[in-house]
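Chain lettering (A, B and C) follows the sequence in which the chains are written, and residue indices restart at 1 in each chain.
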Amino acid sequence: MRVDMRTLERLLPPGLILIVGIWVAAISYTQSPAAAFAFPRIIATVFVVLSLAVFIRTVLRPEAEDVTSAAIPTAEWRNFLPGLAIGLIYVYLAAANVGFYTSTAVVVFLLITLYDPAPHNRSATWIRRIVITAGFVAVMYGLFAIILNVFSPREILFR
Amino acid sequence: MTFLAYFGPVFEPVSFLLLLGGTIGGLILGATPGLSPTMTVALLIPFTFHLQPVQGLILLGAAYTSTVAGGAVSAILLKIPGAPANIATTLDGHQMAQSGQGARALQLSFLASLVGGVIGVFLLIFLTPILAEWALSFGPSESFWIAILGVTVIGTLGGGSVLKGLLAGCIGLWLATIGFDDIMGAQRFIFHPSLGGGINIIAALIGLFAIPQVISLLARGRRHRDVDVIRVARHPLMQSVREVLGRSRSVGIGTAVGSIIGLIPGVGGQIAGLVAYDQAKNFSAERDKFGTGHSEGIIAAESANNAMVGPSLVPLLTLSIPGSPTAAVLLGGLIIHGIFPGPDIFRLYPNVVWPFVNSMLVGQLLMCAFGLVIAGFAARIAMVHHSVMAAVVLALAVFGSYSVQHSMNDVYIMMALGVGMYFLERYGFSPAPLVLGLILGPIAEGNFVEGAMIARAQDGILMYFFTGTLNLVLIGIVLASVGYSAWLELRGRRGPEGGV
Amino acid sequence: MKKLLAAALALATVPAVTLADAHGSYPDRPIMLMISYGAGGATDFQARIVTMTAGNEDALGMPIAIINKPGAGGRVGWNWFATQAETDGYTLAAYNIPHFIAQSIKGGVEYSADSFEPIANWGADPAVFVVAADSPFNSMTDVVEWAKANPGKLTFSGAGLFVGHHIAALQLEKASGVQLAYIPNSKGGAGAMKAVIAGEVMGGVNNLSDAFRAREAGTVKILGVFDLERNDFLPDVPTLVEQGFDVDNSSVNFRGIMVPKGTPQGIIDKLSEIVPTMFENGRVQGKMKAGGSPMHIMTREEVQAMWAARQSALAELLAGL
């Protein structure tokens, strides 16, 4: 029995989905009032059956094309992880606490700086980045705050 | 032909300016992820306080028409449907745009919208009394079967394996049950406090489509843009016109499905595009090309979602029954001016209703014309570097999902669903069936529970859901649709399974 | 542009101004009014009308923007309002009585009448009993007679459970002594009305304002009003009491504006002084009348008394459930 990394990598996604399915079913069949869970029970049953089928197929037919594609190359991870981390901090921490416009400006500037290949040692690069960031935030402010009257969380820098 | 006499008021200076402004503004707002037609129309209501009734309605009607069409712009260029109605447009439209043919995709989409939209309004003009009767015959049991018909579409959407399509749809149906249930008020699956309000469909739509897109862009890393993306081909307009005319079958299927489904109160526009897409695929000689940037897919989806606009107003105008959230807001716009919709509305208020309907015809033309003008420029968005694109899409996703109902919870859910979807997509799932499940869940459940309660007081559930001509016809269509797919599967015309 | 300037000014003076001492200038930016029902519904539509003059100099001087947080009969919006809304006076909400009080008595929500501070009431929309225009029923007596002969089979729709329509249904069942089949609609009042017009159910409880318009359109008949006296919009429709059923006004849908508990008293005082005058504006009254929406303006003190009365009446009615 050779359980190598690739097998684990293949079985992880369908396994996780199956676990979620079983959890949904367990809740649907135990919570009250039963009348409110009648529909979720039907869905949960189908959910478990389908995810079991996908899991079994993954085990039996590992050569199927759409099963092996799950593996993400290390280079790709390295590429998107810093940006994703910025995105998660932006959404779950900064936007509500710092304010939408302030945090958006910082995040847009950071992402452009990290992912745009223009040389860092030229002032033209930095001017372009600042102009793009400022222009975009200004458009957002005009559209959402002035035209649409969207009440975003309090900004720490103004209001 | 009474309506011909009422084109004059549409071209009065103030009315025409409002029509123009409403159309252009609607296109822009519709193209912004998160700003749904309902929200745009609701935002305009206060302006109509200061206008004549006709003018107010012209503004609202123009905005309604063009936000639906505008949603196609972001669906094609960014793979983010502006509203649920545009989901089907992403399937082929974005593929086409990625091969450098964004201009062609946009032209096809606006031209198809024009054809579908105009036919839809003509149905409203000529067939309202018949259609109104028809709309009323969709009770809980019929609406339930329509939702099931939608479910049968799920498996074949997205082009991946049928099994995974169904599983994604099932996950969507489950996500739809999170939160308070609408009838009993019981709490279901609220495993984190931010889920108390349930999963908002627009926020989910943004997350599931936009965030995987952002991550894929970031995965390209710090390098220059791909050379092949720079080739943004300009596309001769006449060629697109000929193409749409040459695809009369897709236009016909899209328009027919869009008008019929758009008519049904409460089910309406959200699934019209997807059902039309699926049917166009079933009847196409080039089935295998769907999902790879095929013009039939764009044409069917966009003719359907604009064909739905006219008929969706039938139950509103003649029975005062708003068939969709947007129609409900329009109803408010009528009532504010003391106009009560009813069977006699065209006779009692000809000076308001006919110019309103006519303005939607003119609005369709303006929408198409302006859309074609911006198509060339908008397609250049493919030339923006991926770092800027990722940052802009991420910020738009945050602003868009927040502004739906001013809720940070929606933003959190949007991001969580989006990151999850990225990994699911790598594993062969696609977001379209998941969103369809999310849309159909409440329709299926609400109508089933309601029907079951009525049935228990009357002749029992079997009698209620399985008798009656319309029920039987719908069950027949469901069985035929499932049977046809299974037959195709067995004959192997769908090609090898998988192929992400 | 004005907002941008204001923002720039605020940026310049940032540390000096805190909210507590800003009542004098309140409000200095637009105000949010949360509606816990969808856009286009009766509550949303009326709220848009009664707040349309807020930006006038003799009113608040700042516009009120409507934000919808619909879901589960209003529970989603009011839960948010009770637990997450800011208490700075820039976050208002519309209340619906008896809905939120009935829901808080039933339980499972995070609010009660004590979570909110009323500002003023703008409307009172009684529940009415409607049947389709071609229905054989012509009075409440007809309806109840049929239900007596066919216990549990009289299907009638309403906007949901533990909302005004449901309260009216419970009262009708209690007063007539027969068993009825109340069918809550998952799409709210509009869906419940459609069920009546399409003949999916035999009758329905609905808002007077919506029923009035449907009757004008010729699609329904209105058989009775669940209120203490007849309504000006429907002088020809008798109340339930007139037809021999002991039903009071517990189900009347009162709509008004409130703020979350914890909002500074100075702001509450200012709002409860100005907001009723907004409701009295001639243009507002005209639009409401044109839309068939009955107005009933009450001050903060009157609303507080009304909330307390409803609380005890509903606790009694719902005790058996």
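Everything below uses one rule, namely that a residue touches a chain if its C-beta (ideal position, glycine included) is under 8 Å from a C-beta of that chain, and two chains touch if they have at least 3 such contacts.
Given the structure is predicted, the values throughout are model-derived calculations rather than measurements.
*Asks:* A-B versus A-C: which has more C-beta pairs touching?
*Replies:* Spelling it out, more C-beta pairs touch across A-B than across the other pair.
*Asks:* Work out per-chain C-alpha centres and flag the one nearest the whole-protein C-alpha centre.
*Replies:* That would be chain B.
*Asks:* Centroid of chain B to centroid of chain C, CA atoms only: how many Å?
*Replies:* 31
*Asks:* Report the inter-centroid distance (CA atoms only) between chain A and chain C in whole Å.
*Replies:* 39
*Asks:* Taking the mean of the C-alpha atoms as each chain's centre, how many Å separate chain A from chain B?
*Replies:* Computed value for the inter-centroid distance: 24 Å.
*Asks:* Among the residues of chain A, pick out those that touch two or more other chains and give their numbers.
*Replies:* Within chain A, residues 149, 151 contact more than one other chain.
*Asks:* Find every residue in chain C that makes contact with two or more other chains and list them.
*Replies:* 32, 67
*Asks:* So which stretches of chain B touch two or more other chains?
*Replies:* Each of 181, 183-184, 186, 406, 445, 449 in chain B touches at least two other chains.
*Asks:* Residues of chain C touching chain B in their complex?
*Replies:* 32, 34, 38-41, 44-45, 48-49, 52, 66-73, 75-76, 79-80, 103, 106, 108-109, 152-155, 160-162, 181, 183-187, 190-191, 193-195, 197-201, 213-214, 216-219, 287, 290-292
*Asks:* With touch defined as at the start, can you tell me which chain B residues reach chain C in the complex?
*Replies:* 38-39, 42, 45-46, 49, 136-140, 179-187, 196-198, 265-266, 315, 319-322, 325, 327-332, 335-338, 340-345, 405-407, 442, 445-447, 449-450, 453-454, 456-458
*Asks:* Would you mind writing out the residues of chain C in touch with chain A in their complex?
*Replies:* Where chain C meets chain A, its residues are 1, 3-4, 7-8, 10-11, 14, 29-30, 32, 63, 65, 67, 90.
*Asks:* Under the touch definition given earlier, write down the residues of chain A that touch chain B in their complex.
*Replies:* Within the complex, chain A contacts chain B at residues 13-14, 17, 24, 27, 31, 33, 35-40, 43-44, 46-47, 50-51, 53-54, 57, 64-67, 69-70, 72, 75-76, 78-80, 83-84, 87-88, 90-92, 95-96, 100, 104, 107-108, 111-112, 114-117, 132, 136, 140, 143-144, 148-153.
*Asks:* Looking at the complex, which residues from chain B come into contact with chain A?
*Replies:* Residues 32, 35, 43, 160-161, 163-164, 166-167, 170-171, 173-174, 177, 181, 183-184, 186, 188-189, 211, 214-216, 218-224, 385-388, 390-392, 394-395, 398-399, 402-403, 406, 408, 411-412, 414-415, 419, 423-424, 426-428, 441, 444-445, 448-449, 496-500 of chain B touch chain A in their complex.
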